[in-house]
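Please go over the structures that come below.
Common to both upcoming complexes is chain A, partnered first by chain B, then by chain C.
Entry: the complex of A and B
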């Protein structure tokens, strides 16, 4: 038994006492392998399900298949797993910033199964966000198993996310960049090394099992100056498509939440609609990797109008699937929409200027993907590195950077927060490291309490109070009931200054007559942000902290500044 | 050197709950032995320095108590040699006489005399009812380093141009190492002098022992 306990606390091994970086690297690699395996499991089960249902697609009743899948996944998440719908990335980001990366153990497989049901039956969604969620949950729970502290746990959550992304795309740098840019929001040497190792580990696992195939390798791209100019125009289209997708998802969500039927029925309604569209436009269903594959390899035959129509159809099916309660992410749909946008754009410009020697349409499909990813996630580096890695080279790096940068900038004008962060920003829950919101959320009121106030009784004469005044160093005096200890009110020296020197009042006034009973008070569980807001609107410098009708102490701006500065110094210096 | 969690909180001057949170979040370098957490002082000092945090080990409990022990009239008058009685013709003479019998190092006496006269020239220290409290304007550089009160009774009352113009028959010369003790002793002295019985008692020229016990009883009333 004692051996087991020793084994569970590797931080105590003398080997790791030297530096916890070594510990994080090793555990990070383990996490990377585990989340890589989880990603592969989802990938394989999706393949199998899609293969299985392929034979039934041509039946007339096939349109109910996505409905069944979405309903099942909704039932599974809500009733069995007791988790909310959605893709999970905001939950991971919030947990990283608020709870030191604590995630439930069941999250490590719940989204895998639910998204597998949704996508496998034909719903339009991506497997990446669920994989990120389960990878992060695996990292978090491994950290908890080894009883690591918050900082180490956050790094391991990042390791899980990186391993998952790099495994599913066979793209280690994209995994690293996505994690740092979207999940952690912080580039420090302490984070990057373990995350990079996890990313490589996840990628290795995928290569061992699936074999090393770079998705769209052996493509020749001869990019001319005209193509560069065309890229800027393409970025405009991808930005428009991103905004359209974001808005469509949101409005679908609002519409569906107004329908008063059970969650699983909602998901079924959305699934039916997707299935109906899918009868006419089969490529708008599922996660759509096959469509991307054929587009990038210049093998996609339908013409300009159909491609343009597919952009809208995919946006519609994705928002119907996710907005009505299906489970999955937007990563893969983004790639599909992006490649359709690039393809349609290429066909349009070669139709208008047939004489110009444009680069092949596969290149534009890749650029369109980068544009969509950058626009939706507002993470330009993730878009760039993902495309570089899945296309197997740096041939397209110049137009890639251009499309990503322009698309991100344009989207930022219309939608200031990215798809993943939007909900968090609206709820004020985006607490990136080193920001004011983060420092304020980390500080707790009971760390700021000033307890050197002298309590007085309500039936005390002003004369006796003056006696106490001579001994006190504070300007505030809480008035408490003698028997029950209840907090009744506050005496502030400023309020009673005029009476202090009036001898006649010394024996005529009781403290209960001069105390302020309506003084604004705060509870120790209050958010510091709210407390500061109250202080600012009322022009206060200190307030009493009252819990359960008992006075605990004062909280003041002076102490707050002192502690805030210390917290900031400790949080922002990395060595 | 090992430091416990609560000692560290004291050294960094932050609440205990904050240290506990920092440990949980992994923001502060800790050491573990078994289940207990402790800090290594050198590592902690370096850490605090790199983050610009103040690291000040608390002063020893016993040192603090000595400096915090308040002076009393009784102890300072005793230090000044009890009650002295002599004759003087005018203010300068009275102060000269008091300085001569003062229980301080001889080489500081000229300076003390000068400072006392200087203060007297600004405004009289005769606070009424025939009592004066000569004192320098601020703490003297060359000592004394402990508060001393020289209590004097004059054979014949002299004109001190006091606030109530009454001739002065009793002087308490206050020499204090800092302003705080000066104010503390002054407030105690004025409490005694405000009492008519005390003035009457002084006029009867008591012995040193009875005088000191009277002072003691006054002070015990003040402290109660």
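Entry: the complex of A and C
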């Protein structure tokens, strides 16, 4: 039995206790395989549903299909799984930055099913964020099962995300880069290796089952100097589309939350609108990979105006789907919007400068995708490597880098935080390791309490107090009621200075006459950010901590700085 | 520093009784209650190695206009400064995070089910999960407020039981109430239990705080439970040990909670005992 129990706690084995890298690599591979399988499960389910509903799309009533899907998805998430809504990826980032990557077990499958319903019925969303959520939750719960610590758990959450992305795109480097750039937010030797292995494991699972399928392979791109200049201009358009999509999603969410109807009905309203748009612009529905395929292969026939119109239509349908309560991510819609942007841009410059030998429009569709992904996620490397891998080569690497870098930079000027991080940054909940907010959030008032203060009584004479003063090294003295122990006020050394050299006052002044009863005090539940803000506003260096009318101790900037330094060293020591 | 007890307030007569238990508990051990009046039916508790989603029964959201007023009234009645928990962190917009660094938590036998389900023999799945993951003991209250005047610890010799015993000493010391220890001898003699006490260095505390140590050599366990004083706070360890410790609540624990209607302070496997 004891041997069996030991299997539950591999981190305690002597072999792994010295260096846990090998342990993380082994478990990381398992997580990668599991998340890869989860991604494939969603892929197949989506294929099946889309295939099934394809035959019904031409009926007049087909516009209600996305509404039914979104409503079912909302009901499933909120009534059956009891999950709070959300796109998934911000929840993973939040958990990584604040709670050591702890995620609920139900999240490992709930988003897969809900997003399958939303997208399969025609809603405009992507399956990537749900598989990232699912893979991360699988990693988190495997880490929980083996009782791994926070750092190890975070690495396995990253492994799950990497395995899922690499499996769904058959792109192991993109999986690794996305995880490190977006999910973990830090490049350390300790997390890169297990995440890379998980990414490879996820990709291998995908190749084993689906075959080594490169989405847009065998494309020939002959890129000239004019194309390079055009790429810079394209980056401007992709940045604009990214910002427009980010804002449309947020404003749709704000508008929908003001509509006082049940969540499922709200999702249905959004779905209905998507269905109505889809009657006229069918490529704006669903995940949209078929449209991308034809654009990259230079087979997309509609003209410039239609392509440009699709950019706006896809932004609108995605906002309606996700902003009104459907389930899914923005990754695939970004690719679709990006490829339409690239296509429209190519047709526009070909129209304006017909004499220039531009590279084919498939190349611009790929570059548009990279620009959109880099812009909205503000993760240029993810955009670059994803396109490199799904196009099967480095033929477009130079313009890819240009478009991604310029698009990210432009977006950063207008929207300082990426789509995934915006809410977290606004609420002050993005706590990357080693940052000020993270260090402060990990410290508690209880850990900083200075309890060596000498309490005095309100009816004490100044003479008696001066005697106490000679024995103490502190400047603050809490005044407490002798009978009830209630905190009444504070005596600071400065309060008695006027009477100190006046012997006559020593037997005439009682402490209750000179104590400060209006001193600012804090409760142990306050967070340190608030405490520091009070100290800064009022120019204080220390404050009493009072709970249930009892003095618990003092908190001072000096102790805080000391602990802050220690905590910072702990958080950055493994890097 | 004074201990803190976390309480989720339900603005119903049952919730009033539960808060009265928390107030009484706080008075006896000089703890300060932190009261949470939920605005959503869901919240998350992030423990060291687990995240627990609590899906509250809808009755926790009833009459929000009077909830704070009622809670303040009950706390002030017990001469306790009302302190409320206002969640600052949210995993999703309707999913607040509740911290887990308390010393105690108070809840009825179930917080996710309708109160009509609450009765002897039933402890809800969420409460069990909290007990399993928390490093603090959970005060599971009787349906009607009842002051306790002694402390009874169930001691079966396991590491959890040792933690329960240590908590019993602490409670006895803080409250000044006498402590009784109950042991159902199972294929072991009294000496074996004394040896465990000795090994844990608890002999002096046993002499100092324990009024009587009941060791039942004969009779069925549930029959022997009649010896537990009706006005005792029962302290015991939940979840067993070994490979299945995370799964089963413990057979003795199940039996006690099915038979004894007293207030119970339950110690889980993650509890960090303070002597």
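Worth pointing out:
Here is the rule we use: the second predicted complex is superposed on the first by the 570 of 575 C-alpha atoms of A that agree within 3 Å, B and C clash if a C-alpha of one lies under 4 Å from a C-alpha of the other, contacts with A are read in each partner's own complex, and residues count from 1 in each chain.
As a convention for this text, a contact is a pair of C-beta atoms (placed from the backbone, for glycine too) under 8 Å apart; a residue touches a chain by one contact, two chains touch by 3 or more.
No experiment lies behind these values; they were computed from the predicted model shown.
Contacts of A:444 after superposition on the shared chain: both chain B and chain C are touched. In the superposition on chain A, A:549 contacts chain C only, with no contact to chain B.
When both complexes are overlaid on chain A, the residue A:408 reaches neither chain B nor chain C. In the superposed model, A:571 lies in contact with chain B only, and not with chain C. Touch counts on chain A: comparing chain C and chain B, the chain ahead is C. Judged by the touch definition given at the top, the superposed model places A:563 against chain B, while chain C stays out of reach.
When the two complexes are overlaid on their common chain A, residue A:418 makes contact with neither chain B nor chain C. Once the two complexes are overlaid on the shared chain, A:524 sits against chain C while remaining clear of chain B. Within the superposed three-chain model, A:427 lies in touch with chain C and out of touch with chain B [touch as defined at top]. Of the two partner chains placed around the shared chain by superposition, chain B is the only one that A:152 touches, whereas chain C remains out of contact. Touching of chain A by both chain B and chain C, each in its own complex, is seen for residues 444, 446, 449. On the side of chain B, the complex with chain A involves touching residues 14-15, 17-18, 21-28, 32, 50-53. Chain C meets chain A in the complex at residues 1-2, 4, 32, 34, 42, 44, 46, 49-51, 53, 55, 80-81, 83, 85, 88-95, 97, 101, 242-243. Every residue of chain A that touches chain C in the complex is listed here, in rising order: 1, 4-5, 8, 82-86, 91, 94-95, 98-99, 102-104, 106, 144, 147, 427, 429, 444, 446, 449, 451, 523-525, 527, 547-550, 552-553.
Considering their complex, residues 11-12, 100, 148-152, 442, 444, 446-449, 563, 566-567, 569-571, 573, 575 of chain A touch chain B.
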